[in-house]
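All chains are identified by letter, namely A, B, C, D and E, in their written order; residue positions are counted from 1 within each chain.
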Amino acid sequence: MTAVAVRPAGHRSGRATGVARFVARRLVMLVATLFTSSFVIFGALYLAPGDAVSTLSGSRTLSPQAVAALREQYHLDDPFLARYFQWLGDTLLHGDLGTSITYREDVSSVIAARMGVTFQLVLYAALIIVVVGVGLGLLSGLRGGVVDTSILVVTTVFAAVPSFVAATVLLSAFAVGLGWFPAVGTGEGLAGTLWHLTLPAVALALASLAIVSRITRVAVRTELGREHVQTAISRGIPYPALVRRHVLRNASIPVTTVVGITIASLFGMSAVVEQTFGLGGLGSALVEASLARDVAVVQGVALVFVTAFVVVNTLVDVAYAVLDPRVKAGSRAS
Amino acid sequence: MTEEPVLRVTGLRREFGGVVAVDGVDFEIPRGGSLAIVGESGSGKSTVANMVVGLCAPTAGTITACGRDRSRPARSAKERRLRGREVQIVFQDPYASLDPRHCAEQTLDEVLRLHRADDGKQQRQARVAELGDLVGLDARQMRARPRALSGGQRQRIAIARALAAEPEVIILDESVAALDVLVQAQVLNLLADIRERTGVSYLLISHDLGVVRQITDETVVMRRGRIIERGPTADVLAHPRQPYTQVLRDSVPHAGWKPTRALRALTEGAQPS
Amino acid sequence: MTVPVLEVDRLVVDVLVEGEPRTVLHEVSLSLGEGEALGLVGESGSGKSMTARAVARLLPPGARTSGTIRYGGHDVRTLKGGALRDYRGDVALVFQDPRAHVNPVRRIGDFMTEALRTLHGVDKHTAAKRAAAALADVGIADGERRLEQYPHELSGGLLQRVVIATMLLTEPKLLLADEPTTALDVTTQAEVMAILDELRQERGMALLFITHDLDLAGAVCDRTAVMYAGQIVETRESAKLHEDPLHPYTAALVTARPAVDRAVDRLAAIPGRSVSAFEAPDGCPFAPRCPHAVDACHQERPPAEYVDGGLVRCIRADELRGRLAEEVAFHD
Amino acid sequence: GSPPPTKGQHQTATLSATTAVPVGDTGPLTWGLYRATSSLDPLTAIDIPESSVIDSLCESLLLQKPDFALAPGLAESAEYTDPRTLVLKLRPDVRFWDGTLLTPADVVFSLQRARDPKAGGYYSTVFERVASIKATGPHEVELKLSEPDYWLRGELSTMAGTIVQKNDTERKGKKFGTPSGGVMCTGPFRLKSWKAGGETVIERNSTYWNPDQRAKTPRITFKPVESSSAQTAALRTGDLDGYYSPTLSSYEQLKKNARLTVATGPALATDALAITNLQGPLGDVRVRRALSLAIDRSAYSQAVYHDQVATPRTSTNPGTWAYGTSVFAETSGKASPLDRDLDQAKKLVRQAGAEGRTLVMAVVPALSSINTLSTVVSEAARALGLKIEFKTFSPDVFGTLFVDPKAREGIDLLPTLNGPYHGDPAPYLATYTLPGGGQNFSGWQDAKVTRLLTAARETAGDDNRAKLVAEADQLITKELPWIPIAHPYSVVYMSKKITGAPASSVFGNGPWANMIGAARK
Amino acid sequence: MTIAASVLDGVRTRRRRVAGNTVVVWVCAAIVGLALLLAVFGPALAPHDPDAADLTYANVGPVAGHPLGFDSQGRDLLSRLLAGARTSMAGPALVVVLAMAGGTVLAVVSAWAGRWIDATLSAVMDVLFAFPAVLLAVLAAAVFGPGLTAPTLVLALAYTPYVARVLRGAALRERAQPYIAACEVQGLSAFTICLRHLVPNIAPMMAAQGTLLFGYAMVDFAAISFMGLGVQPPTSDWGVMVSTGQPGVLQGYPAESLTAGLCIVVVVVAVNLLGERLSQRSEGR
C-alpha cells in the first residue's frame, strides 16, 4: 500500500499491478525456497548417520523389541522418498507439520511454544540494533572528532566479537558478577521479559549493532559530501534542517538495506545465544532437533525461519521503494 | 560505375521495449569517405553506432560492411574477429574506454595478436611502435597506465587501438567531445592526418557542428530516431533546410551571437509533451 | 564600471590532494559590478570551479585560503553565523550537473520552496505559488504538476531550468553559474543561456559565468577572464578577446576551435595539455606550450598588468599584441 | 619439569542420602533440568529430565527411599507367596488427581502396558519371567512367574512399576504422556503446564492421598538449562533454586558459594569402559587387566568429579548395595581398590604379547568427561606400549552405538555411565555379563558368572542373594568385560533457603520433590 | 551467522574516508601477517605437544616453560594457541577461496550473460540467501560428521550468494564500461574478455571482499565449532577452545576461553580494518 502511495498521481493502476507482481514474485520465491529447503533437510537428515531412536534412548541400551517398535511407530525404516512424500502430503493436504519424535507432539505446538521467545529476542535485538546502532552511527557521522574516534574504536572491536563470546562475557559480568540481570530463562509480563531478555538481546545485537553503526556513519558522511547537500549549504539552509531533510532521509536508504538483512539473519544467529542463556527458542530447537534427527521439527523451524527471512526482506524492499522514489517496489538496486 | 561503399545501412530500426530509438535509418559511406551524424541528445546516434559495430542487434534493417552482411551481431569468435577488421569504434570517454590495468603497448599488442596471428613477437613490437608514432605517443607514454596519461593521450591510444586491426571504417562516437579545445584540435588534426595516410573512412557522431564541419564530407541529421536531413556537410551547415537543422545551426555560439528563447520554442513545438 | 558587488583580490587557495596541501588557485583577482556579467573561461583543471567555490564558501575540507574576497564590504572568508547565512541568501549557485545537485528523494516542490520556507518563513501555499510562477518565468508552463514530480522524472534541460528558477526565488544579488549548460544539448544550451541572460538583465543580478567555451562566454558576458593553471592570465572585454587577445593562451583558445562555417586544413593546435596550478613549472605556467615563449618566460611568474583596459599576465604582452591579433584574424 | 600440583583428598566419610529435614512449607521453586522434558510417559522415561519429573507426579507400586532401600508404595506389600508368585496388596485409599480411586485394574493395565514390547516401552525385558498379571481381589494383584525371579520385586519401584490411570491412558492413546495429553497419576504433585521443549510446571496435589508426604511447595517449575555455564550462572544468581547435576564442572565454585547448599549422596551409576570387541587385543583378559591397572583413576576422578566418587573396588557402585548391605560391605566393599600399578600392567601386556597393538576407543569430544577419559586412556595405552586410536562421534551419533550393533563395528572401547534403576547391582551386571544380556556388546561370557547371577535371581533371601551377586561382582571385576572407572556420587545443589531434597540419585526412580521445604522458618 | 551479509552489502555504500593514519594499516598488516605465519609455522613453533594432556596440571596457571599455563585437560595453553592458529585460519581461508571462486564465476556469468541466465542465477541466489546458515551448519554437520568439512562447505555455500551479489554489481558496472565494448568490437572472445579484462578489474573489489569475508568466516567458524558442529576437540582450534574453556570462565579459570577469544577478536579486527581499507581503495579507484 505504502509503495503505491508515494507514486505520483496518474500511474496508479500501473503501480498497483507492479506491486501485485512484486508480491507474487516474492510468494513464488518463498514457496520455491521452502520446497528446496524441505527436500534438502529431508535428504540431509536421511543421509546423516545416527537416527532418532538413539536420542529417544538417551544413550542407554534399549531392547531390540523396543527399538523395533519405535522404528515402526515413526516409519524410520521406510524408504527416503516415501517418507518425504508422506510428510509433504501431510503438510500440504492437512496443513499439519507432522509429529515431533522427541517431543511426541505436533510440530505446530512445539513451534508455537517456542516461537514467542525467539521473536521477542529478535525483536528486542533489532530494536537495540536500530536505536543504538543507528544512533551511534549518526553521532559519529555527524559529530566527528573524539566522539567519532571512540565510537569507531568501540564498534571495530564489537564487530569482531562473536556472539557466543559476548554471551559468555555478559553472562559472567552482568548476571553472575554484578547480579543485575537474570542468567537464564524468560520472564513473565513485559517488564519481566525485557529484564530477562536484555543480556541475550545485547549479545545477539552486539556485532550487528557495530556494523550497522559503521554503515550508518559512512552513509551519513557520504550524504554530507554529496553535491546536493553542498547546494543546500550554499543556499543557507540551517544545519539541523539540512541534516534532517537531506542527510537522514538519503542515508536511511543504504542503512535500511543493511538493517533489514541484519535483522533477517538474527533468526539464524539466535541459536547460539538461546543455548547460552537457556532460552528454549526456535534456534535451539533447530539445533537440538537436527541432532536428534527429528526431521519434522527441523522442517517446521526452517519453515518459520525462511518465511521470516523472506518477509523481512520484502519489508525492506517495500521500505526501499518508500524511501527512494527512484526505485520501483521490488527492484532493489544491487 | 560507382565503387561499393565500405558501409551501407538500410532501413535500420531499433526498439527498446516499445521505445523506438532508431527508425528507418539509411546511409552509406564510400571508401575513404567521412560521414557525420548530428542530432540532439537521445536522437539515436549512438544506437546506430552500436548496431554498426555489432554491440547491439537491430530490430530491423540491414548493415553491409565491405560488401558483407553484418546485420546481426557476431555469433562466433571468428566472425567477431573478422568484423573487427571492418569496423572499429572510438568512444567518448577516453578513460573509461581503456582497460585501466593495461598500458598502451599491452592494449595494442592484444589486438595485434588477435588479428595478426602469424606475426612474431618482433613484428608485433614493431607494429606497436609504428602505431604509437602514428598517433604521436612516445615510448614512455606507450608504457604508462591510462591513469598516468592525459585525456588527449588516452584518446590517442583509443584511436591507435581502433587502427591496429586496420579496419575500413572507424566510428567516432563523440570521440573529441570530452577533450579541452586545445587538445581537441590536436586530435582532430591527427584524425585528418590518419585518414589522409591510411584511407580509412570515418563515421563521426557529434553535437559539435564545428567538429563536424572540420572532418566530414557528408552529414546526416537525426531527430527522434529518424534522419531528417542529409547532404554534403558544407551545404547542410550553410543552408539548413529543415527548421530543426536551422535551430541547431543557430544555437552554436559564435562571435556576436545572442542566445534567444525563441529558437528552442521552434523545436519545442514539434514535441508532444 | 559600477560599484563592485564582489571583489576578489589575490586569492590563493590550497587544497588537500592525496593528503598534501597543493595550490590550486594562485593570486586570482577579479571584480564584478552590480548587474554585470563576467565570464570565467579556461580548460579543465584550471581552477574555475575552485574560484566559484571559494566565493561561495564551499571549499573542500582542509582547504586554506589567503587574499580577500569582498562582498558588501565584508571579507567573505571570515563570515560567520547569521552574516554567513545572509551572504548565502544573496548568492546563488548553478552547477553543471543539475541531477547531482538536487536531492533525488525529495520532490521538485520541496527543493524549490525549501529556502523560502526555512529561511524566509513563507507559508507552504504561498511558497508553492511562487515556485510555480518562477517555473513559468523559465518557460515551464505546467509548474503545478512539476512541483509534484521527482528529479529523476525530469530531463536534464528541464531540471537545469528548475534549478535556475529555484535560485531566483530568493532574489539573489549574485549568481555563480559553473558551466550550467555543459551537460545540455546545444539547442537547450541556447535556451538556458537566454533565460539566464534575460533574468540577469531584468533583475540587475551580477553573474559570474564559468565555461570552457570562449564564444559562449562572449555571448552573455560583458567581460571575460581567461584562466590557466590556477591563474587569471587575461581579463578583457568580451568583444575584444576575439579580435585583440593579449595573452598567447587566449589566442590559442580562439584559434583552436573549429568553425562551423568553414573547414581548415589544419587547426592551429598547440602541443601539451592544460595543467593545475601545482603542476605548473616555475615562471609563466603557459610557457612550456607557448609558441611565443622566450627564456625569460621560464624564469618568473609574470605579474598582472593593465593593457588597453584589460589585465594580462604575460611579459611579452605589449610586444605580441599585433601578432596575436593577426593570428586570430587569419583564423577567422 | 615442575612439581605436579597437589590433588584433592579422597573422601572416605560415609555419605548421607538425605539433606536436612525442612522446617516447613516454602514458596514456589524453580528446578533445573539439563534439557527439556520430552515425555511424561513412565514407560519411555529413561533419563533425568523425564524421570525426575515423572517421579514427582506418578508413583510406583514400591517406593525407593533416598538410600535406595525399598518401601511400600501404592502397594502396601509385594511378597512372593511362592517362588513363582508375587502378590501385590494395594492400598485401598489411593486416589488419582481426578479423585477416582486406584483399582487393581489400573495396576494390571499399567503393568501389562509396561510388559508389552509393542507398546514401545523401554522396560519390557524386566517382565521376561512374568507369565501373567491378574487382579485377584479388590485390592490385590498377582503376578505369575514362569521361573523364579527375585529381581522383579525391586523393578516394581522403577518406572516399570509406575501406575497410571487406565481410563485416562486409554482415552488419550497416542497423546498420552505428551504435552497435549499429559498424564493422570496419584502423586503429590499434579501437572500444571508443559510446553513442548520448554518449562514444565507442576503444582501441589491438594487432595493427595498420603498427607504425611504432601508437597511442601505449592509449585515447581522445571526449567531446561542446556549449557553448563548457564546452569552454573543460574544457580549463582538464584534463577534456579536447585539442580541435580549430571556434570560437576562447576562443583568447586558452587561449593564455595554462600547462597548454596551442595550435598553429595549415594548413586547407582558407574563410569565404565565397555569392551565391545573380544576379537581385538582386549579379547585377552590380561590386556583388559593391564589397561585397568594402567588407568589413572584418581586423576580422572579429580578432573571430572572433583573426587566426588567412591573409589572403585569392584564393578558396582556401593550405592547399589541397598539390600544385603553388610554382605556387600564385607565382600565387594573390602576388595582392594583398583589402584594404578604400571609395572604389573606392563608385565601383563608383555605376557599377552600385545605390545604395539591398537585399541580403538569411541569418544565424544563435545562431552568433557569422555574427553578426559580419553586422555587418561591414551596415557595408559602409551605407558603400556599399546597404540590407541580415537573414533570421534558427535553426542547424537554416539547414542546409536548403544542401539545399533553395526555402528559399534571396529570399536574396542565404549565409554558409558551406566547402572541399575534401583538398589540392586545384579540386573545391571546381568546386562553385560550374561549371554544375550541387553548390553553385552562383545558377547563375553563366563560360566561361573552366569551360574552365580542366575542363581541369585532365583534366590529368595536378601543376604543369600547378596552373597551370590557379590561373588559374581568380584569375578567380573577380575575378568573385566567392562572396566569400571569411577563410582560417582550424586550431587545436589540447593538454594540455602530450602532443604530436604535427597542427596542421592533417587530422583531418577523415587519420590523426591515432595521432600523439599523451607530451610528456615 | 550472516553478519557477513550486512557488511558486504554495506561496503558498497562506503566511500573514501579521509586518508587515515597509515600506522593502523601497518599494525593490522603486521597482525595478519603474524597470524598467517603462525598458521604455517604455529604447530612447529609450539614448545610442547599441544595434545599431550596431563590431568595433574589441569587448569594450572603459568609456570616456568608454560607461560600461559594449562587448560582443563592439563595441556600447554600456549602450544594449543599456536597450533590452533592453523585450523583457525585454514578453515576460513578455504571458505574465502571457495566462496570467492564460486561467487566470482556466478557474478561474471550473470553480468555477462544477462537476461534469463542472470534472472535465474539471481533467483537461485535469493533462495540460498533465505536458508538460515545455522540450518545449513546443522545439516552439514549431521551429514559430514564433525571436522572441518561441514563448516567449510556450509560457510562457502552461505557466503557465495553474498559474494556473487556484490561482485555482480561490480561486474555489471565494469561490463558497462566502454573498454569492454571496445574489446568486443576488436573481436576478443567473451571468455578472454572476462578473464583478461573484467576479472582483473574487479580484483581490488574481490580482494577487499575476500579480506572482509575472512574475518567473518573466522567468527562464523568459531560459532559453528562453539555449537559443537564443527572442528572437534581435542583438535586445537581457537573457536573450540573458547567453547571448551567456557565452563572455566565461571569457575575462575578463564585463561583458555579468553586467550583464544582474544586471538579471534584481534585477528578479526585486524582483518576487518585491512579489508575496509582495501575496499575504500578499490572504490576510490
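By definition in this document, a residue touches a chain if its C-beta (ideal position, glycine included) is under 8 Å from a C-beta of that chain, and two chains touch if they have at least 3 such contacts.
Computed from a predicted structure; not experimentally measured.
In this assembly, the chain whose C-alpha centre lies farthest from chain B is D. C-beta contact counts were set side by side for A-D and B-E; A-D has more. Chain centres computed from CA atoms place D at the largest separation from chain C. Averaging Cα coordinates per chain places chain B and chain C 31 Å apart. Centroids built from CA atoms put chain B at 53 Å from chain A. Mean C-alpha position of chain C lies 92 Å from that of chain D. Those residues of chain D in touch with two or more other chains are numbered 227, 229, 232-233, 236, 394-397. The touching residues of chain A, counted against chain D in their complex, run 49-51, 53-63, 65-70, 73, 100, 102-106, 109-110, 113-114, 168, 171-172, 175-176, 179, 182-185, 275-278, 280, 284-285, 288, 291-293. On chain D, the positions that touch chain E within their shared complex are 1-2, 4-5, 7, 227-229, 232-233, 236, 249-250, 252-253, 296, 299-300, 302-303, 365-366, 368, 371-372, 374-376, 378-379, 392-397. If you check the complex, the residues on chain A that touch chain C are 8-9, 226-238, 241, 245-246, 249-250, 253, 323-326. Note for the complex: chain B touches chain C at residues 40-41, 150-153, 180-186, 188-189, 192, 207-211, 213-215, 234, 237-238, 247-255, 257-261, 263-264, 267. Those residues of chain C that touch chain A in the complex are listed here as 56-58, 84-86, 88-89, 91-93, 95, 97, 100-106, 110, 114-115, 118-119, 148-150, 152-153, 170.
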